[in-house]
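First the structure, in the form of structure tokens, and then the observations on it.
Chain lettering (A, B, C, D and E) follows the sequence in which the chains are written, and residue indices restart at 1 in each chain.
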Amino acid sequence: MNAATLFGLCGAALVGIGLYGLITNPEPLRKILAFNLLGSGVFLLFGIIARRAAAAGLGGDPVPQAMVITAIVVAFAATAMAIALVQRLGDETGQASISSDSSETGEEKS
Amino acid sequence: MSIASVFDVALVALILTIGASAILVRTAFAAVVMFVVYGLLLSMAWVRLHAVDVALTEAAIGGGMTGLLLLGAVARSRSVNVDSVRVGYPLRLAAGALCALVAAGLAVAIFYPPAPVPTLAPMVMENLPPSGLGNPVAGVLFVFRALDTLLEKVVLLLALLGVWSLAPDHAWGGTPGLQVYARPDPTLIFLAQLLPPVGIVFGIYMCWVGAKDPGGAFQGGTVLAAMWLLVIVAGLQKAPAIGRLWLRVLLVTGPVLFLAIGLAGWVFADAFLAYPAGYAKPLIVAVEAALTLSIAVALGMLAAGPPVRAQQQ
Amino acid sequence: MPSLLLGASVFVLLTVALGLFAILRRSADVDRLMAVQLLGTGGVAILLLLAVATETPSVMDVAVMLALFAAFAAVAFVRDASGASSEVRGE
Amino acid sequence: MSLVMDILTICAVSAGALFFLAGTVGLLRFPDTLTRLHALTKVDNLGLGLIVLGLLPQTSSVLFAVKLVFVWLLVQLSGAVVTQLIAGAVRHHGADG
Amino acid sequence: MPAATALEATTADGALLVRAIILPVVGILLSFVLGGRYAERIAAFLLPAGLCVACIVFLKIWQSETSLSYIVGNWKPPLGITLRADGLSVAMMVAMAIVICLIGVFAHANFDSRVASVETRAPMVFWVMLMAISGAMNMIFFGGDLFTLYVALELLTFAAVPLVCLDGRAETLQAALRYLLFALLGSILYLVGTALLYGSYGTLDIVLMSQRVQIEPATLAAATLMTVGLFAKTALFPLHLWLPPAHAGAPAAASAVLSAVVVKGSFFLVVRLWFDAMPGLLSVAASQFIGVLGASAIICGNIVALRQKRLKLLIAYSTVAQIGYLFLMFPLAADPLHLQYGDVLTGGMLQAISHATAKAAMFMAAGLVYAALGHDQISELGGIARALPMTMFAFGLGGLCLIGLPPTGGFLAKWLLLEATIATEQWWWAIVIVAGGLLTSAYVFIVLSRAMGPPSAPLILRAAVPKYQEVAALGLALLSVLLGLVALGPIDVLQVGRPEAPMAWLR
């Protein structure tokens, strides 16, 4: 098994892990994190496809590499928007139930 | 097994473990820390895949900026703790099975590559010389698939407007809610005074070197954005109000220049987004320089979040 | 020489991994932060070794990138800690 | 000449790698946060420093060497500041942070 | 290189396609610099200009009966990107441009950017996002490259999500978050597919792909993942959970855009994928499965709609059902024995277009009702038909189109689909279509009868409704009715650029 295939399997596994987190984690923030994990697995797939197609003295096919760069920036923008949404939602709902959550903050750190 | 493959196996094992624990670990803070570590590991994987351009982007955006965003979010969501009702066991099992199926399908798909692996690398190298660029990835981004790159800048602007749209009405045009230090911390101020000059030089270097070596507008822009955020967080400078004209102008400078050069190509090179022969390299470098600034501002403002305070007149 | 450098990078990766697991097992946030710092430094070392071993100077830029961003996790964390103890400016 | 250089490289890189191991063991074994932090700084300073020192003779150009030293300095700076920040946080909130 | 690439070149009027994409981009950039107070004026200029371009492209293609293409930067695929416009794309493009323009007219009342002396939030966001949606849709219709289409898809997502939570209430924020997560999952699945396809064929260009594509594991995995991702974005039945809260919670003009325009983008990509990029790859079993999903959407969506108490939620669930019809074209078009291909595609596209016009009209009407009454409880609609006759007339006409009564566009679409079920001997889909129509007529009738009934208490209108808003809604409703008449005219345009028959069956 060569390096490209190894990382490819890693990417496939990461897609599975990220998808699992996205489905099962109820917390929005954790969902966003899982989405990023899933995304990076997909990017790795692009990476091994590029690596596999190394030719013409290049270490990899530059076309998928360029696509990954574009996709990483888009994923970051998506993350920023999702986090802003989560926080605004927290602000809106948090004002209604400030009393109930103060007891839980200490517990979480232990 | 060569030493290199030992390294690869160890790296993959580490990535998978850290990735899985980022999903499974109990507290959100631990998960985010895992994710930051994961981002660092991933940029090593990209180096091993001979994709240094991507490694740079991943180190800067995937690990650095996304980590910063998530850490900030975790910090704020602690005071408003979300009650984490776990999904039921049967559902988790079903989800696990589904995800395993997807992963297995992908694994099968990549395990059997097509017999002659199709590649555009020779075609890229053949057509790269007229543009004067030495970095094939930059060639793809700014010459062959320039339309994608241009549209992606618009995506960035829309995402920023989307983030801003989450502001309360009265705060529109005001300053973002990026959390800054309550007390000036001398250590942090020291860092915020010393690191940015270095970072800015490196960011400019990234942008400049991108024409011939790995690097470019994205990577350079991200470094600049990070330095800007550091200065703001340390309290040395205030985050700008989103209504500021200079901010808006900086945001669109890159895309506008890109679009203008693309339209000029219509006149001088008879195709939209074509570069006139002999002028390709200076034009691309100009576009990259302008984009670096615009990306820096856009990423920085994206990370800073929606405005929360009305601007003091 | 390249194989020796590669071997060293494997060694560093394994030690860092070891340290990482140990630290991440502890539940204190500060320890987790140290894990990030440890991996940041280890990652820089590994990338430098790789850069020289494979003679690709551009890999060194990745190391610079990691070094630049390594401090950010700590900055974000301490911002949180000080924000929790006292009033955050402006709110 | 190159043999001397190679020996220097081997010694320094091995020593650096050992410091990584030592630092990790320290992180594992030391009892409290501040001493573990101390172990961490050893990795930053000496581990990376020795590796950089060992790599210097192998570099092909001056720019390469300058970059190596630059990276080391950068890690020194951020490492020092980060440990300061962490230590400060520990002092404020106790080891649980 | 295959022969087709050598032949392909920028056609005479190909530059129009670039114009259609650049116009909105220019508008967005200008709005950022000039500020939100000018955003509406910029949109008021650029959206009609976009409509003009769309009409010109439509006429060119209709008359010449050939597709247009433009090679961006003179770099031919597989290296570069080609924009292509065929019959399907221009028909959709014109329809969407008209709908967006009329929504713009309607939205003037709610998002007038000139009333305040400084830039305000909602108008700035709305107008920029409206322009972005029109640009993204054009990009989706013309994009000849699967990765460009990914970027366009993300453009559409980022433009659509903020519209959901423009009012900033907690429940719309929740809806927007859910929508965003679904949409992101959808686009990432789509992206996996593009990665695998590139790995197999070394190109993402749709025409080149259609020449190289073969049935093999990687391709099937890619196609499945992409389709599921696009289903999530289109809100096809089991993945529809995000749609009703998002579409019902948004402001009326935004609901109209989301329901009429945005979901059609990802639907169009499914069509592109299966009928252009991978012609003939769709197996009978898979197409029947998609059909079952569509049928479930029709039945479940309609039944749930029937039980809604709020008008906007009813309309949103009816969108879920109407989306189901779109996917009935897959089992009908993939039938290997009878090549009903062209007519079925025409039927599907007509359904998309007539749903766009009718649904936009209905959401606008619901918005006007809400503005007038201060609520949209169906049980308390009594007397509204007398107070807002034009609005309720528009709602009724839109309803007729959804039910599929002649001479509406909905009738023509459903008729073509029904005809195909008979021709391909798949009678079970015919039952679904007819049952769906009956259920739809039930809830349209309930709403109308309530509205025409006497008020329980004396009706007090909270606000006067501007006439032009009613006219915009009515205009769209009339369009959905008149769409049935295209059978006499330009319906052939949908066939331009279609291959004679799906190729893979002949292989």
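Throughout what follows, a residue touches a chain if its C-beta (ideal position, glycine included) is under 8 Å from a C-beta of that chain, and two chains touch if they have at least 3 such contacts.
Bear in mind that the values here come from a model prediction, so they are computed numbers and not experimental data.
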- prompt: Can you tell me the least number of steps between chain C and chain E, where a step is a move to a chain it touches?
  reply: 2
Statement: Output for shared partners of chain B and chain E reads A
- request: Please find the two chains that have the most C-beta pairs touching each other.
  value: A-B
- prompt: What is the chain whose Cα centroid lies farthest from the Cα centroid of chain B?
  reply: E
Statement: chain A and chain B have mean C-alpha positions lying a whole-number Å distance apart equal to 12
Query: Quick one: chain A and chain E, Cα centre-to-centre, how many Å?
result: 29
Statement: Cα centre of chain B to Cα centre of chain C, whole Å, reads 19
Residue list for chain C, restricted to those that touch at least two other chains: 27, 29, 33, 40, 64, 68, 71, 75, 77-78, 82, 85
Junction residues of chain D, two or more chains touched: 74, 78, 81, 85, 88, 96-97
Field: Sequence positions of chain A contacting 2 or more other chains
entry: 15, 28, 32, 45, 49, 52-53, 63, 67, 70, 74, 77-78, 81, 85-86, 88, 93, 109-110
- prompt: Any idea which chain B residues touch chain D in the complex?
  reply: 185, 187-188, 190-191, 194-195, 198
Query: In the complex of these two chains, what residues of chain D are touching chain B?
result: 74, 77-78, 81, 84-85, 88
Message: Show me the residue ranges of chain E that touch chain A in the complex, using the header's touch definition.
response: 79, 147, 150-151, 154, 157-158, 161, 165, 168-170, 173-174, 176-177, 180-181, 184-185, 188, 191-192, 194-196, 198-199, 202
Task: Name, in rising order, each residue of chain D that touches chain C in their complex.
output: 6, 9-10, 13-14, 16-17, 20-21, 23-24, 27-28, 33, 36-37, 40, 43-44, 47-48, 51-52, 55, 58-61, 63-64, 67-68, 70-71, 74-75, 78-79, 81-83, 85-86, 88-90, 92-93, 95-97
Of all residues in chain A, those that touch chain E in their complex: 15, 22, 28, 31-32, 35, 38-39, 42, 45-46, 49, 52-53, 63-64, 67, 70-71, 74, 77-78, 81-82, 85-86, 88-89, 92-93
